[in-house]
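Listed below are the structures to be examined.
Here chain A shows up in two complexes: once beside chain B, once beside chain C.
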Partner chain A sequence: MSQSYDRGLIEDFGRWREFTAGMWAWVFHKFTGWVLIGYLFTHIAVLSTSMQGAKTFNSTIQGLESLALVRLLEVGLLAVAVFHILNGIRLLFVDLGVGLESQDKSFYASLVLTGIIVVASVPTFVSGAF
Partner chain B sequence: MSTQTPDTDSENEQPSSTSPQERRMAEKQARKEQREADEAAAANEIQGETVELKVFRYDPEIEGKEEPRFDSFTVPFEKGMTVLDALIYARDEYDSSLTFRHSCRQAVCGSDAFFVNGSQRLGCQTQIADLDGPVRVEPLPHQDVVKDLVVEMDHFYDQMESVDPFFDPDETPDDELEEQRQDRENREKVKLSTRCIWCGACMSSCNIAAGDNKYLGPAAINKAYRFYMDEREGENKRQERLEIIEAEHGVWRCQTQFSCTNVCPKDIPLTDHIQELKREAVKQNLKFW
Partner chain C sequence: MAQRYSSFSSGSTAWLLQRITAAFLVIVLAFHFFQLHFVTHAYEIEFAGSQARMENVGYFVTMVLFLVTATFHGVNGVYNALVNQGIDGIQKRVVQIVLGAAALLLVVQGIRVANTLAGF
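This part shows the complex of A and B:
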């Protein structure tokens, strides 16, 4: 027992294919939480630079909204926010110890619902941009 | 096979011009060739269904084996065969240096937790028939490998011991022989938590435990639950246990990924128990009255 073999980090990141529902829920929740924080800061930056009066505000918003990329990012933001909220509610139930046997199903339900809501929102977000 | 006596009776053989030593060497050589031929034939001649095993190999003490690799073994399948049965066959028939821990063969001793086809399972509890071949057997992830499928368990045992995994009541009955009875409901409450066989599968599956060596881990927290919830221990010990449970690297490290609950071979609802202890810790600290 003079030596032993430490398989290092490769095994953590190399094993993503074997992740179970709860592990994916955790990865996505972290990711979406931090994306939302990131958005919060850009949001503050955009608003505080466009607050010099109605004209600047309107031209900034119109300028941004005319970009197809911004429209697509908005769809992404909605997806991230909806998933974070739905899975957040799931996590609150997990913290209360309610329905732990169905934690995988509630994760899949959050995913499916997010998908439906995002798809339904696409016409609204994208109209006029292309 | 090497212990079998050869068919020829050497004492009755015709005297020949060769020396006895040369004769013995020749016989030995013949036996060796026969044995090798037998073994090769056995490997080729497996009748009926077979299982393909891919087993992680590593041995720091033998030259040429220090580099981890996978070895393949083709094992005859039998109805009811477990992963452990297949490993035992491979070891006994093909490679006696193949090393793994096992003892009870009935999911009681907890010594044969492996990483089988991407999930922590007990070899003796996993039916080959339930797996897609080839069956990939690796040592438990997140633990150092000592040799082949044998991993270092010291850290896991340290964590288990750090929660005082024994019954420790504040007061003992006056009469030494008097029983300390537990009522039925209380027994039911801790029942599942008492099933742990210290196999380490849960700890190995936990991403948080992998990144935080001080984290107690699911099994140790479950152990703490088993005694914290036992009403016979008394208030002082209960407080002591709570301090261990809610310490920095205790229950609050759990991120409810449920991987421990998914892999536990004794079906202990580990995440339920951890979550219940989190709520207990909050309740004990948030007292406004």
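This part shows the complex of A and C:
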């Protein structure tokens, strides 16, 4: 499992038609990871308004949550987080040698399960925003 | 799908720490989302409620550990992705310094926020 090979430059998206399920899993995991670490900085910045007092914190959160765009972005964040979690669990099992022969299927299952969880969560996330 | 697709060298310390933090984050991130979107809806969040949660020592410790592990996991992931893309020499050093400083600032600010909410 530690053998290396030349996979070429995967960031050259002109090659996307050649991508296998494993390459898509890697690209999606990397993309969702970048989004999540970027969001963490934004999240702490917003929560930092608590240092200005309860009034500022409450008006900031309520102001953001009143925007439909923010609610939709939260749905996107959920999709990104759920996929990263499910695909991450898949990777942990793969690293433990479990399910090596069904990695394609477990990747597709991660995608489908992410879709189901996100769609089922939409009413909760957009409640009162529209 | 027999080939191994990863930004990490299998068996390295960075790889192992990424896996250990992942196992913790899988549970805590799911809990965090569930707690602050389904138990308490995001639009209902107020200072008083956050304060009440943060005053619980177990919750406070979990959130600080969540912050530290998430920051490490994210920064370690970004760094190894960049190394995997071929950065080397001075570029690698600059990335180490920038990511290290950003991670430190994030953790310090996050703990300050947690302390404010907990009333410390």
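Note that in this section the second predicted complex is superposed on the first by the 117 of 130 C-alpha atoms of A that agree within 3 Å, B and C clash if a C-alpha of one lies under 4 Å from a C-alpha of the other, contacts with A are read in each partner's own complex, and residues count from 1 in each chain.
Here is the rule we use: a residue touches a chain if its C-beta (ideal position, glycine included) is under 8 Å from a C-beta of that chain, and two chains touch if they have at least 3 such contacts.
All of these numbers come straight from a predicted model, not from anything done at the bench.
Just to be sure I read the superposition right, which of the two partners does A:G99 touch: chain B = first, chain C = second, or both, or neither?
Neither: A:G99 stays clear of chain B and chain C.
I'd like to know which partner A:G63 touches here: chain B for first, chain C for second, both or neither.
neither
Between chain B and chain C, point out the one touching more chain A residues.
Larger number of chain A residues touched: C.
Could you look at A:A21 and tell me whether it touches chain B, chain C, both or neither (first, second, both, neither)?
So A:A21 meets both chain B and chain C here.
Does chain B (first) or chain C (second) touch A:S127, or do both, or does neither?
second
Touch check for A:L78: first (chain B), second (chain C), both, or neither?
The answer is second: A:L78 touches chain C but not chain B.
Mind working out whether A:L36 is in touch with chain B, chain C, both or neither, as first, second, both or neither?
second
Determine where on chain A the residues touched by chain B overlap those touched by chain C, and list them.
1-3, 5, 7, 11, 20-23, 25-26, 91, 95, 103-104
How about chain A: which of its residues touch chain C in the complex?
Against chain C, chain A makes touches at 1-3, 5, 7, 9, 11, 20-23, 25-26, 30, 33-34, 36-37, 40-41, 44, 47-48, 50-51, 53-54, 57-58, 61-62, 65-66, 74, 78, 81, 85, 88-89, 91-92, 95, 103-104, 107, 121, 124-125, 127-129.
Report the residues of chain B in contact with chain A in the complex, numbered from low to high.
58, 60-61, 68, 118-119, 141-142, 144-146, 152, 207, 210, 255-259, 261-262, 269, 271-272, 275-276, 278-279
Report the residues of chain A in contact with chain B in the complex, numbered from low to high.
1-7, 11-12, 15, 17-18, 20-23, 25-26, 91, 94-97, 100, 103-104
With touch defined as at the start, can you tell me which chain C residues reach chain A in the complex?
Of all residues in chain C, those touching chain A are 1, 3-7, 9-11, 19, 22-23, 25-26, 29-30, 33, 37-38, 41-43, 45-48, 50, 67, 70-71, 74-75, 77-78, 81, 85, 102, 106, 109-110, 112-113, 116-117.
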